[in-house]
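Quick one: this structure, given as structure tokens, is what I'll be asking you about.
A, B and C are the chain letters, set down in written order, and residue numbers restart from 1 in every chain.
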């Protein structure tokens, strides 16, 4: 049930962020063409493309865990015994989750306080734009937990052998 | 350090530090006045209140500085009206083209009841406006030709801010407005992606745009206000005595700014431009009436947003 | 507080906490303990550090590189390049450094340079038998030329903060940029000789001609970008999107290698790279804001400037300071904070402001390839698909030669200001 839901969630996030990337390309390309060929520019293309990149960056954080893409220093931990590695793995999970909880809490506070602030070009509430941060925190927690469940399951079967 | 200022109100002798952020280089008028305010405050309060100035956008862009001010990480900020208008929409009225006849008109309006209304609206959003300064006026710089009448702008690609009023102003004048972030502007003009822009003098000189443009029309297309802000809770938490001292310091700085700093800077601008072979088109050579006529559609498009503000501003001559 | 933070960061990084989490959490703990500013500044700063149009070039160039790799364009370009220099020791390494220098002449950003060239040439070098870690290191080092060879966004910032001419700085950057590029090629040559990388047989003129014609459509890509930027049609940031669109059209309709499944793979891998690098930029920027608000670079700068040593020694101390600051901060923030402090000091010591600007930019560009926070390293490691720590060893010789370059630039002002003076 758990893994199925996480997989579905990640599939959804993957599709969403990929679509964002495609739209970003089209937006900036549209900006060049409309300016160079039709001498027309719009105030919002730039801003929308930027906000989409920020959303892509934050939402992609969860998927990045699944692809083992978050950049860290792996070499030292690998020298420890398996028992220590398990312990460190657990500690890292707790550390990551605490940071993401901070991101969610401060992010929500910031989001709420920014609802009356509007974006310069699109004129939408900045709170909606900032919502990417708390959502990112949630996605990353779910994926860290999932990753650790799988890790400990695989270590369990290893030691049973 | 930000906790200190609150403690400061409890016991009078305690020292407090206020963080002051702005985006101008230290040598620009905005930077000079920040340092003056810091020095004068230290003197007026006998060292009890220290102001730490963070110039040159060290704390981020103008909008981000305002956000930090609102959350309380920064205590004071000097920003343009444009940055604050994202929080207090009424301030955007100042962006309207040829809204003021001259700087005196702007001063009268901002120190009058319109200014008070803006201050009240800002207070509702958590900002204490300490004072209004002339940040500058948008002129026209370009690489193609002298601009004396609206027809001279026809077909030119003019960089401006991501701001509908500025963009509609250029459209009304026959130019093609191109929104672009400031750090890209120098190279974009140099390489010809855009033909010009509507800089205030600090952008023209401090931003080095005089190196890549050839013609400069002193048209005062629009007015840009510089607003000195304080986090409202921080301000309210100050002791009455400190408040008065701070207000005096600010008022002195406003007087000094408008009588010495700003006019001297404007004078030096002409020198720099002439030395660097930028052809200046003075306002006397410009058909200002034709320009004012041409931007009327901008008023029709945006008037409704501002209620009776525009009318009140025009009546206050 | 700074000691506490360094201890926390070291522990977190050593136990393999993601760098983005380590910097975010470490800084947050210190902010929380000292109450030095409000906690919502965390999301505020993280968001704003990514909300930048020039930064968009990085994802787009990574995407373009992946499209060119999968669409067959990279292969053609590399075959052509190999026919020209494949018989030289470290031929492809030289190609990637030269490509970086050409790209640097278009773009004002080191990150965009690393992303754009690296996405094409790291896979190509690996295919040609180069060590993957070394290939990524070459790219990270070559990318530093992005901000040394004009145009350069950090130079514009230095000019604006320091009140010197952008044009003079741009002119003064040309020779140092070439010097840096050549010196990196020397390192690549020595390394390749030591590793005994096989060279391909020399290709005769008609062979080169054939490979030229075969790769014509691929070679047209840099022409479009170059022409578009210098023809004033689009900005360097926008050029990244033109590269994506052109690469896609050629890969899809001419070389017919990109189908729906390939495109999905390209998009997903780009998203993952962009996200992992961006989150580090965001957290490191929060850390940088803390440093700024606590005035730590400011205090160090004033300390160094206050010593009464011989001018050359003070300059050496300033360079050490810039290297240390550059280890944790990206060049633009460092320039904004340190220029107003350092410039008056070096002017008193008799240095030309333009000369100092170049010294500062080259030194800070080294910070882009020094761990722990080195944006070029992150991007090159991700694009090269290697672990972050694997790039650290091969990058060291490049760091050393760049430091020698800086000293040369200090000792011989003609290298930088000579060109600017000639033009007067």
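Quick notes on this structure:
The criterion applied here is as follows: contacts are C-beta pairs under 8 Å (C-beta built on N, C-alpha and C of every residue); 3 or more make two chains touch, one makes a residue touch a chain.
Please read all numbers here as calculations on a predicted model, not as lab measurements.
Look at the CA centroids: the one farthest from the centroid of chain A belongs to B. The most centrally placed chain, judged by C-alpha centroids, is C.
Chains A-C form the pair joined by the most contacting C-beta pairs. Our note on geometry: chain A versus chain C, Cα centroid distance of 24 Å, whole angstroms.
With centres taken as mean Cα positions, chain B sits 36 Å from chain A. Under the contact definition stated at the top, the residues of chain B that touch 2 or more other chains are 67, 71, 180-181. Touching two or more other chains at once are residues 46, 110, 113 of chain A.
Among the residues of chain C, those in touch with two or more other chains are 40, 44, 52-53, 233-234.
Within the complex formed with chain A, the chain C residues making contact are 12-22, 24-25, 28, 39-40, 42-44, 46-47, 50-53, 55-56, 59-60, 63, 233-234, 238, 241-242, 244-245, 264, 267-268, 270-280, 282, 378, 381-382, 387-389.
Residue ranges of chain B in contact with chain C, taken from their complex: 1-3, 19, 25-27, 52, 54-61, 64, 67-68, 71-73, 180-181, 183-184, 186-188, 190-193, 206-208, 211-212. Only residues 35-38, 40-41, 44-45, 48, 52-54, 108, 151, 153, 156-157, 159-161, 163, 165-167, 229-237, 289, 292-293, 295, 333, 336-337, 339-340 of chain C touch chain B when the two sit together in their complex. Interface of chain B with chain A (complex): residues 63, 67, 70-71, 82, 86-87, 89, 125, 155, 157, 161-164, 167, 176-181.
Those residues of chain A that touch chain B in the shared complex are 35, 39-44, 46-47, 110, 113-114, 116-121, 126.
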